[in-house]
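Next come two complexes built around chain A: one with chain B, the other with chain C.
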Partner chain A sequence: MDLTRRATLLTSAALAASVLHPERAFAQETPRRGGIMSVHFATEQRILNPSLQASTGVYIVGGKIQEPLVDLDANGNPAPCLAESWEAAPDGKTITFKLRQGVTWHDGRPFTAADVQFTAMEMWKKILNYGTAVQLFLEAVDTPDPHTAVFRYSRAMPLGLLLRALPDLGYVSPKHVYEGSDIRQNPANTAPIGTGPFRFVQYERGQFIIADRNPNYWRNNLPYLDRVIWRVVGDRAAAAAQMEAGQILFSPYSSLTIADLQRLGRDPRFEVTTKGNEGNARTNTLEFNFRNPVLADIRVRRAIAHALDVPFFIENFLGDFAKLGTGPIPSVSTDFYPQGMPQYAFDRRRANALLDEAGHRRGAGGVRFNLRLHPAPWGEDIALWSTFIQQSLQEVGIRVEIVRLDAAGFLRSVYNDWNFDLATGWHQYRNDPAVSTTVWYRSGQPKGAPWTNQWGWTDAETDRIIDDAQSEVDAAKRRALYADFVRRVNTELPIWMPIEQIFVSVLSKRLRNHSNTPRWASSSWHDLWLAS
Partner chain B sequence: MRAIRAYLRGPAAMIGLVLLLAVIAMALSADWAYPRDPLSLAGRPLQWPGANPRFLLGTDNSGRDIAAQIFHGARISLLIGLVATGIAILIGIVVGALAGYHGGWVDDVLMRVTEAFQTLPNFLLLLVLVAVFGSDITTVTVAIGVVSWPAPARLTRAEFLSLRSREFVEACRTLGMGDMRIIFREILPNALPPIIVYASVVMAVAILLESALAFLRLSDPNVASWGNLIGLGRDVLRTQWYVSAIPGVAILATVLAVSLVGQGLNDALNPRLRGR
Partner chain C sequence: MRVLALAGRRLAASLPTLLIILIGLFLLLQLAPGDTVDALMAQMGGGSAEIAADLRAFYGLDLSVPAQLGNYLWRLVRLDLGFSAIYGKPVATVILERLPATLLLMTASLSFAFFFGLVLGVLAARRVNRWPDTLISTLGLVFYATPSFWFGLMAIVLFAVHLQWLPAGGFEEVEAGLTGFARMLDIASHLVLPTLTLGLIFLAIYLRIMRATMLEVLTLDFVRTARAKGLDETRVITRHVLRNALLPMVTLIGLQAGTMLGGSVVVESVFSLPGLGRLAYEAVVQRDLNTLLGIVFVSAVLVILVNFLVDLAYARLDPRIGAGR
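And then the complex of A and B:
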């Protein structure tokens, strides 16, 4: 009895020490080489190259194989990766990157400035979602020598913005693989060739992806792991069971059910945390298709926003994992979050009045009109939110039909075929509104680019604010411009973003050096290792 | 009359009948017992059965009343069962009757087509149909009917093969009756009892097929079906198992009821089993 109590005391003392000094608990361990990291891969998008598609579902695989020019360090500051240093001209129109020397592609060819030039001009500027907006004013990339890339812009590019954008939108692809081919159809899109710590080996659709240790990686003696396996598991409950069986060590980006997140959080074998995802704040969206004349009426959009009791939804369905959202810039972004923007509090009477005013009287069965809602197939919160939208809109006389599709089908019908009325998914905010937020509003996005303005909504005033803010070098003025932006889009309401969340990771306690940057799940894992 | 008496003598058949009547009663009383839309938000999600007297069977993870969904879901299940069975039996009878009566090349062609359908597992074929034509409830029902016809067709053909050379058929031919009249007015009524019995199997399978589709989240999410509830409950299976278990029991009871009734009908209608 006494012994047990003493043992308990010792254990709790050790626990307290490790909580207070986590670095001390780990510092004594020497990294172990070898081992296989297995990752839950919930949403196949049929593309793995992050130079062509910016999405957590691409970074989770491609981010280990290809690398960006700039990465983030533990405190969220830009850190050298393929670029060793950078410098901006005083007018902000020229930014020079010095590239790392002695880096080779997985096929043995050297990495040079020509690869950066080709990727920037042909992929980031022309194809990459978000990239097309960030690089809108990029005119050319000069390569005075094989290890210098000079980005020339027609309007000033704030260095801070570019450096915050590049960790996500700065992945480099090999020119010799893509040159002269149809980039979108290149086989390397699903068998990527990069410079990263892991080399692509095999991709079996719907089953698994394998990448092995790159023995020629430029960070000497890294990575520690021998192999990474991504297991494609679409069923959330099955993925949780595989984690408990030890077949999956890491489930990123809130891919498990909320009930399982809470359950595994109490299991000593797992860590459930938002750490390592701070750079990936997300908001739940409600996207309107303006090609439907009913939704092109602002009174209808506002009525729909007023019909949703978001605090009730968060309290009863999402719990601790979410908070009330106020628009496209989430509150975690202290540099840009604006106060006192137009909001749409739950007000069913006002919603009904607005719909009456718009001329949509209730017909048979109290129904005013029908809408189709396309929910994105990732994340349980989206499924719950879409059902909640259906239930809430029924109360104000709008009949909603939910259309469920797989990931590729959803992206195609919403962002390419424009075949939807309402859509809901995640908008991801990445450290600066110009990285992956303003593209949801700026007109002129290429058709088919996911998570961009495909609503058929064009507003010259919004476009002007976005462009000015993107090339404003003065920090205070940029902040003011983004406040104008939020005020404008919360008034016009082409999309409504009423919920804020940070992604939740579920990790096996065997992982070491994990969650050590604000975009760790997307990063290269060169220093990740597995305790035995 | 004699068949009814024979039916009522079987205890299993009586249990089946009572269960089936209970499901039908649920379907009929759904609007009266739960007048609100069963998919509407009723209260806090995931309340255990009995925890709140307002929700006898608790609420699911979307805050909907499970009892209301069970009652309204009975309609959907029975509707899918009846309509899909109707479609399957209709196609099956037409194909089987023509093949069995005519024989020769007509039989060859129709049976090769039937076999082509039979070589495909019917659930896979159903998945393909739903993937191509979408998953609203009408499409799903028709698709289930379309994948279920080969077995009734073969059964009908077998009956026709044995009946077509009987004397009464020869007599009809001698009287100068047309083929269609012989097939549908003379042979079919004699071939019908085993087909009716088999219809109960088709109906049970149809209900299960819809549930399987919904379990994979491929059925129509806009109707309150039992399968949808099971599919939704899968997310909370480890903690709130009742969300999946309650509709599971409802499906079990309905399928069992239909099967027992079919068995009872078989015993009552099949003269060879009489007096056993």
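And then the complex of A and C:
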């Protein structure tokens, strides 16, 4: 009798403790079911389907509703998602995916290889930005049975490249919804139907998007959350205030002002981190127009690179969210990052000497020549960086005029009209140099394609290395080729990429299981939960 | 009825103005570098030249400028505002979705500004050059000189973040799924801060105008006559002075109805409201010509409508106008 009573007492005491202090009661917290996740949605997109548009603004919503064939695990290695396993033929021309069974679309129809075939041929190869380049040599997708998709290429496709590209460029859309319609106008583009942990409910433009828990999700008993709400808040300062007021729990992709990031980083209610965004690295660029004969001289380009005190700029303006860049491949890309490449450390005397040597003597007021600098209008860091360039170059006798345009104007002037001397913006690195990096250097890019080689610079050696690496099946040889590539372009310097950045997330401390993969902000959040 | 005829004539005269505005804006936008496909590319983070050419054909941008303008005007004649590039829906639908928030905000803040501007203006005029006047005038100047985005942000920091009395932004609380009266209250609570922010600037203007006209009218002969008749001061002010002093205020409201439609971009952005101002801003940045022209069309129609009502109000306030001298 006595024993039982004591046992009861103990149990109730333990129960009370676990209710009051759940974090103390269990070393490993038990995930709590339910709750509403609210997310800052800074720039509204025209569509939400990630099979049709590869951008963070689409992944932040569509990535919870639709799923890719392959995702990344905590260490950045390819992990099964809608594909369970994969295998490449020795010649690299055939890659076979075994698909997950028992997966259904949100409208109840089964997911099969036909969906993969349709999405790959009609969306990735024809419409998806960067997808068209990666799948350029995709000839057909065979479906020998409903759970096998065989990708056939006319040129060898390195398995590593495809697997690193697919987490971003491998989202699958339902064939039965899109077949026979005008894909660009399909209503499902803004009301996506997927296989993911959350199913689309409502989109009010300019206000919010809602998605609810998918009860039939193939990962049993997941997700934990009941609902995700994206709040459209265009004003950065207002978004920070809404986070503080508790209306927003997560602001992804560096969407707040640098000052607010630093301020909220000191606030115990929030976590400000680059973790969970390693797959979204970017570098700040300095792009040269070779049609200006002054800039076609390599001594001038090197002088400009030497004139910039990048560590000073980072320390004083960007803080912990950036580091010194060393070229087109950022250091987070451990598979490809090459050591010991040519660099341009800050050296004003050397910059002056190079400019003198190039025949640009200082004239009236100490000015050697004038240049126009076009900064891209996205990101506060670009505006700061362009002013810093202007003032640094003033010191070595180059007078810079900053030309500010909005997004459409900037892209048109720089990449289509070639009406610039210097330009600066972001280069987005997408896990493999072949996805969106080498196009900045490969010659023969069609006029007007943004973020490609529009500099009027052609180098046969660079082109050869890029082409060889693109279809090299051996991983070690590919790595060596990309080291050659970086050495070459850092020497010739058609573009200089001196700053490396990773997107910054601001999260409420109530979130659990967050930032646990290198593309977490873009991923499906099936295991995310909210502490009370 | 002369009033109606007069107002009707002015209404007819505004049609050519509307046409000129639309054509002018269309041509002006052609001068802005880049088109909607460039803007889309910026959102996508890149894409090939084939994709761009494809999209230009899709949005009808491969036609010549006169052909595009011709198409637009022909559609307008049939009351079709066209298709929005950003939203993938008819422009009319897009605008109708945004109109309620704008109209609510505009009506609320104009009424607020008009009413308090009137009351404070009268108070200041009655106590001219004494401390109530100095206080009211100084406050008016402060409101007028403060940028609205700063005012809005400070209001959010104080009332939403620190005191937690009011929501920090948005038009309504979506999680709650409220209906009926509860939803109305919810929307009202979301509109308190934006209304005050937008209204305070206009309040300052109304206040100054009201004070000045009151002072002017107070010196006129008929006021002296009224006083000589033995009317008490309240009656003199309300029946004689106020009525005459209201004319410039009514003129101003007609003018400002237009400004407010476009001028609330800042307030809508700070408070994340789904209004026409933000839509217009987005349409410019994204070079969504149809949407922008649609907004200008609707705004112009609203301004014309408000001016029509103002014309009618004049006649009511000043019978001489209706008498048609």
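Of note:
To be clear about the criterion, the second predicted complex is superposed on the first by the 332 of 532 C-alpha atoms of A that agree within 3 Å, B and C clash if a C-alpha of one lies under 4 Å from a C-alpha of the other, contacts with A are read in each partner's own complex, and residues count from 1 in each chain.
FYI, a contact is a pair of C-beta atoms (placed from the backbone, for glycine too) under 8 Å apart; a residue touches a chain by one contact, two chains touch by 3 or more.
None of these values were measured; they are calculated from a predicted model.
In the superposition on chain A, A:G206 contacts chain C only, with no contact to chain B. Once the two structures are superposed, chain B and chain C can be ranked by residues of chain A touched, with C on top.
In the superposition on chain A, contact is made by A:T387 with chain B only, not with chain C.
Of the two partner chains placed around the shared chain by superposition, chain C is the only one that A:W451 touches, whereas chain B remains out of contact. Once the two complexes are laid over each other on the shared chain, residue contacts for A:I402 go to chain B alone; chain C is not touched. In the superposition on chain A, A:I36 makes contact with chain C only, while chain B stays out of contact range.
Look at A:A237: by the touch rule set out above, it reaches both chain B and chain C.
Of the two partner chains placed around the shared chain by superposition, neither chain B nor chain C is touched by A:R219. In the superposition on chain A, the residues of chain A touched by chain B in one structure and by chain C in the other are 235, 237.
Put simply, chain A touches chain C in their complex at residues 36, 43-47, 53-57, 127, 129-130, 132-133, 184-185, 189-190, 204-208, 210, 227, 229, 231-235, 237-238, 241-242, 244-245, 247, 378, 405-413, 416-417, 428, 436, 445-452. For chain C in complex with chain A, the residues that touch the partner chain are 32-36, 38-52, 58, 85-88, 94, 97-98, 149, 152-153, 156-157, 160-161, 164, 167-171, 174-175, 269-275, 278-279, 282, 285-287. Of all residues in chain A, only 235-237, 240, 257, 259-260, 263, 316-317, 380, 384, 387-388, 390-392, 394-395, 401-402, 404 touch chain B in the complex they form. Against chain A, the residues of chain B that register as touching in their complex are 37, 39-41, 44-46, 61-64, 135, 217-218, 221-222, 234-240.
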